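Input: a single structure, listed below in structure tokens.
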Amino acid sequence: MGTPSDKKLINENGVRLDGRGDEEIRPIRITTNVLERADGSAFMEWGGNKIMVAVYGPREAYPKHTQDIEKSVIKARYNMAAFSVDERKRPGPDRRSTEISKVISEALSAAVLVEQFPRTQIDVFIEVIQADAGTRIASLTAASVALASAGIPMRDMVVGCSAGKVEDRIVLDLSKDEDNFGQADLPMAVLSKSKKVVLVQMDGDLSKEEFGKATGMVLQATDRIAEIQRKALSEKYNIENLSESNTGGE
Amino acid sequence: MGTPSDKKLINENGVRLDGRGDEEIRPIRITTNVLERADGSAFMEWGGNKIMVAVYGPREAYPKHTQDIEKSVIKARYNMAAFSVDERKRPGPDRRSTEISKVISEALSAAVLVEQFPRTQIDVFIEVIQADAGTRIASLTAASVALASAGIPMRDMVVGCSAGKVEDRIVLDLSKDEDNFGQADLPMAVLSKSKKVVLVQMDGDLSKEEFGKATGMVLQATDRIAEIQRKALSEKYNIENLSESNTGGE
Amino acid sequence: MGTPSDKKLINENGVRLDGRGDEEIRPIRITTNVLERADGSAFMEWGGNKIMVAVYGPREAYPKHTQDIEKSVIKARYNMAAFSVDERKRPGPDRRSTEISKVISEALSAAVLVEQFPRTQIDVFIEVIQADAGTRIASLTAASVALASAGIPMRDMVVGCSAGKVEDRIVLDLSKDEDNFGQADLPMAVLSKSKKVVLVQMDGDLSKEEFGKATGMVLQATDRIAEIQRKALSEKYNIENLSESNTGGE
Amino acid sequence: MPKDARGVLSEIKKGYISKRLKEGLRGDQRKLSEFRTIRIEPNFIPRAQGSAFVHLGKTKVLVGIKVESGEPFPDTPNQGVLTTNVEMLPMAFPTFEPGPPNEDSIEIARVVDRGIRESKMIDLEKLCIEPGKKVMIVFVDIDVLDYDGNLIDACTMGVVTALHTASYKVDESSPETKLPVRSMPVSVTMVKIGDELVCDPDLEEEQMSDTRLTVTFTEDGHVRAMQKGGVGYLSMDQVKKGIDMSEEAGNKIREYIKQVI
Amino acid sequence: MPKDARGVLSEIKKGYISKRLKEGLRGDQRKLSEFRTIRIEPNFIPRAQGSAFVHLGKTKVLVGIKVESGEPFPDTPNQGVLTTNVEMLPMAFPTFEPGPPNEDSIEIARVVDRGIRESKMIDLEKLCIEPGKKVMIVFVDIDVLDYDGNLIDACTMGVVTALHTASYKVDESSPETKLPVRSMPVSVTMVKIGDELVCDPDLEEEQMSDTRLTVTFTEDGHVRAMQKGGVGYLSMDQVKKGIDMSEEAGNKIREYIKQVI
Amino acid sequence: MPKDARGVLSEIKKGYISKRLKEGLRGDQRKLSEFRTIRIEPNFIPRAQGSAFVHLGKTKVLVGIKVESGEPFPDTPNQGVLTTNVEMLPMAFPTFEPGPPNEDSIEIARVVDRGIRESKMIDLEKLCIEPGKKVMIVFVDIDVLDYDGNLIDACTMGVVTALHTASYKVDESSPETKLPVRSMPVSVTMVKIGDELVCDPDLEEEQMSDTRLTVTFTEDGHVRAMQKGGVGYLSMDQVKKGIDMSEEAGNKIREYIKQVI
């Protein structure tokens, strides 16, 4: 978590700065099959986050020594566009994106029926076009949709949300300011139906009770977000959708 | 083109600063087979440019996935020596040299009978030892001689020259100052006999009429430069040549 | 050698600053088989130097084009830990460590019976944990012990020492100050029994007579150091050894 | 066309495209100088100082502009800095690989940059804050999201739109200022198939061809940048015909951009 | 577990380990929450500003701290800087390769760093010399010398020990100052084998498992950092049980560290 | 000898060279201590501050000197900086590859640099403009154009010639000044073939040998730098004999350089 500071994150009426209730998540919109070349794709807006995900595969794993003779290898690549953050980011992977790519790859591996495609890889390319806190969870949630839209067999969808602590209150889905100046951030993702945990990271300061409360709130939220995933997959893509969502943005 | 400036490029007598007429090119000297190890080589002086070119091949293309089963791949590598320019250049390729290597490779590919050597590559290593404007055209013109000196079958020689605009006049073969402070630069290269265009780039500001005039002047100049290429190839290399040319330089 | 300076390296009693005689070397301690995974290993303390060496192999040389069909290739990798020197060193190889890795590899190649293991490589990983002048010779001397502890057949041990010139005196085994402010440094290593020279480098200023004196002193010292090597190899490793040596350090 | 996208086309398809072209028809019924449908969404990334999402047929590129303060180059102490980078994202095509820009994306970035720069589109002198010390740096970054041919033109029209709609602050407390732009360059890229030049090639047409020509015009009808690409050649007449075609096609693009900004 | 160390275990051995675990017994007789023997030697590298040689079972890591002056980050002008780097040296395991940190060593470094940082262990504001201009930078560098599982915990305990024993000078002429530390975080890593979580896995246990969980606690019983790793999953109950186990095991480690510093 | 140039020699040729050497004759009739024909052209690159084109037999290297202002190293605030870089260009030999310097070119650059540096050839203190702030940096860059053995000596003689003929300006408006040089080091490289040392080995002789020795002398007869290379060994007597040979051969080279500068 960021630097301790005097920044107020709860206003005089006891409400979060963007007016959300403690368990209220930001607006989410997912559109599928927005790309021509990819085998599957999804465009996700979650608050101010804009994330494009493309899936290629299963295809022969390359280089050969990365092949697993028993299953498909999921290779997620989380990348931030140079213009996605306030200060221009130099293109290319850094330590943060390397770690996020790893935990997303692992979380997706628990959901895909990887045993069905030995010696292959499934590439999940994630491009964060605009970043607004919670990009790893938004990316993972969108990636799950993109995998499904590519027709890749999965035992379950992956769906996530983050909880956090702000002025000693446990709240859902931290905003950018809450992420920068809050007390704790707990991104978590589960298999949609079984609620098995496939991603959990935490940084900040939580008592065991607070941890229990936070994870409970996340689990509830994943039901709502999973519903948005299902709706996105049932809609047929039409080009106006993407357009509307953009012009409607910010 | 460079920065607009008050730099005068035409003197009070209406003549270019180095005294050349508008269609006059700088002195060119080409010596072949100056290197022991290379299959063919050429040393080119063009004005203050000094450029060494070595050719190796055809040899098996490596790595294998770069092989073309139908033809030889020309791999030109344009490189500037650290000491070739006013401010010391860090060794290694940069974006400019990568682009120049690409357009030179493509221009040479149009001249070499690449169909005769499938699965091979022909390496053309270009080292700019001293740079004085117009290095890409000088390199390409020298590379064509080096290829011929290596005995590589070609449908035609490649020969080039640049034209440009200086104080609203179209002139041939820009000098360093004219390149830095002029209004347009148009490097062009053609197949020697057929005059097919194998390289053309332009930057600056030219009306369509000016473009027509400039390209006309380049085409005429290529005949003169092609004659110098032919002479170089008919001379037998002798070590004194290189020496004279050096001591006579500048 | 370092910068000329007013730094005194010999005290008013005509003795080196650390009290050593001209032909006295710093305390040396070697412990073998200190690592679990490596095929052989040695931990060396020489003055303030602390160096860990691990040996893996012979194993198939990789990548394949590095294989020698007639012998094993010794690949020493000399690396300095970030915290081993006064100012933190960026991790990864630099030009100095590349050169040292090369001369150590070559020196060890002269000692190992490389002909017995064609197409293989023997990796010698050297980690300088704390540097205190003379690391290349200490590393090489320790590497020879690590190779022996791995059971790799050798025609002879490699053993080295450095001599140098300090305030016009030839002395053995330069200290850090003597290395930084002295007049010459001559690291040398030989095959233990035959005294064949397998590594020699020099920088500074030595007359031919001084060179003769310095090399003579090194040859004598190598007998003493070879005895320490032999003792280390005959002791069985026990974990207390390493511990004692550490707590006893400095 | 990026190298690794070559040779995917079947011989049968090639023959068909070639035959139709001789009849003056392209695969999708376009005329030789006709572009595919263009759709540009400006301000797609509100957090950037300027941006544009370009759909050129099925090709999609996203341009983002960041304007930050920094040091000028020593030889132009009174001028801001323009820098252009193209990322051919691995999501855009099956054979695109992650990693630093390769020669294809470097060429595209440099041709796009040259067109903008030589058109004196940005008044760089107005971006000087303190001569020799502090100027504004205009970072143009382009994400190629979906590749179906003609990246140079898609990128150029995106950059021009994004720059025309960009505004920046010198620092946190400064007022927001429009980026000083003063021209509207447009690039037009053609490939040679058989003996014909066709504008705005899609992927199949790029695969059919070994020669590419790009011409960048400003509204005054002047050529500002050119680039021939590919291992083939052009006759001088073809070059001149290409310039005429590109002026005509470019004017239509310029009209479209004016509508969206 | 680093990827390239996977799959070395024979099926027979796997079956044996699994069977024993069901009986509550680990290969080396440890209980599920029990760590291997820990031995930490502080000040192993006198020339560093702080250091520790950690033996965790047969795993060996060496931590060195360098404290140097430098510039603060623009967004935290009043704070020193902490940076953590892990080198999985090729000497530590047959398949480790030289080169820049791979995703495994980056993850380890970041999890270790997060535990230290979120525990507010170092009072970074006390490391500010001149706001915005000059602060102390704490370089934490870790050499992995010998790999037999559970690098995260070995590294964390080494870093905590080294930081607690570190002292530095602002410059040559300054007096030596203790590094301002104010908490003692401990990480505990578990892997899931079958349905059981076991603490401090050795290499064989890591090879048996596809799910890892790390929890970092401070002495106030608060969780400061967590990281799930691996391609498997955990039930919510297992996560909570893991937290309980890690608190218990962590307290013992903390007691040991207090003895050696 | 660069590694990838090894093993090209046929066994028959090896036998022949070996046999002749026993008779005291080298392939090209040279005596054991004799260099091939040397030709050095100073000022080959007028735009550089110093330069030299060296022909050593068929080996060709080109040295260029750039002198630019910059910051001193923190530990030598009163001294200019010397930096030496060798590029073994792919044009010089069929197996040389483009890319950053490999261990061969790094070793050559460092041995050449050491000879120049330890001979105190450049008076670096005279290159200090403002202590701690601004000094002149002497960039020595060497292009290897054609490789037929003994690059170290070819490079050293080129650098010495180029430095002796170099002049520079502190900035645009300053007067031109000769580079302050005060000695003339010469390196002599030998390889061991059978039991004999031969000076200035050509490529074939390098391929015959597995042991190399380089000695750099100044005109006062003092050794300034030495380097043994290769996987073979030398007896102490051979080392001393090598020193004697190199002094003799080096003096002749020094005479030649004096003529051309």
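The chains carry the letters A, B, C, D, E and F, assigned in the order they are written, with residues numbered from 1 in each.
Please note the rule applied: contacts are C-beta pairs under 8 Å (C-beta built on N, C-alpha and C of every residue); 3 or more make two chains touch, one makes a residue touch a chain.
Note that the structure is a prediction, hence the values are computed from the model and not measured.
Asks: Just tell me the minimum hop count from chain D to chain F, counting one hop per pair of touching chains.
Replies: Step count on the best path from chain D to chain F: 2.
Asks: Keeping to the contact definition above, tell me which chains border both chain A and chain F.
Replies: Intersection of chain A and chain F contact lists gives nothing.
Asks: If you take the chains that touch chain E and keep only those that also touch chain F, what is left?
Replies: Under the touch definition, chain E and chain F have C as mutual neighbours.
Asks: Only C-alpha atoms count here: how many degrees separate chain A from chain B in terms of the superposing rotation, rounded to the nearest 5?
Replies: In degrees, rounded to 5: 120.
Asks: Just grab the chain with the largest centre-to-centre distance to chain B, centres being mean Cα coordinates.
Replies: E
Asks: Which chain has its C-alpha centre farthest away from the C-alpha centre of chain D?
Replies: Relative to chain D, the chain with the farthest C-alpha centre is C.
Asks: Distance between chain B and chain D based on Cα centroids, please, to the nearest Å.
Replies: One centre to the other, that is 27 Å.
Asks: Where the centres are mean C-alpha positions, what is the separation of chain B from chain F, in Å?
Replies: Their C-alpha centroids are separated by 32 Å.
Asks: Any idea how many Å lie between the Cα centroids of chain A and chain C?
Replies: About 52 Å separates the centre of chain A from that of chain C.
Asks: Touching at least two other chains at once: which residues of chain B meet that condition?
Replies: There are none in chain B.
Asks: Sort the chain contact graph into one of these: line, ring, star, complete or other.
Replies: Here the contact pattern is a ring, one closed loop where every chain has two partners.
Asks: Can you give me the ring order of the chains, beginning with chain C and going next to chain E?
Replies: C, E, A, D, B, F
Asks: Please output the residues of chain B touching chain D within their complex, sorted ascending.
Replies: Within the complex, chain B touches chain D at residues 1, 3, 95-96, 98-99, 101-103, 106, 109-110, 186, 191, 195-208, 211-212, 215, 219.
Asks: Touching chain D in the complex: which residues of chain A?
Replies: Within the complex, chain A contacts chain D at residues 35-38, 41, 48, 50, 52-54, 56, 59, 77, 79, 81-88, 91-93, 123, 125, 127, 129-132, 239, 243, 246-247, 249-250.
Asks: Touching residues of chain D toward chain A in the complex: what are they?
Replies: 39, 41, 44-48, 51, 53, 55, 58, 60, 62, 64-66, 68, 85, 87, 89-94, 98, 100, 139, 141, 143, 145-148
Asks: If you look only at chain F, which of its residues touch chain C in the complex?
Replies: Touch residues, chain F against chain C: 75-76, 79, 101, 103, 106-107, 109-110, 114, 117-118, 213, 221-236, 238-240, 243-244, 247.
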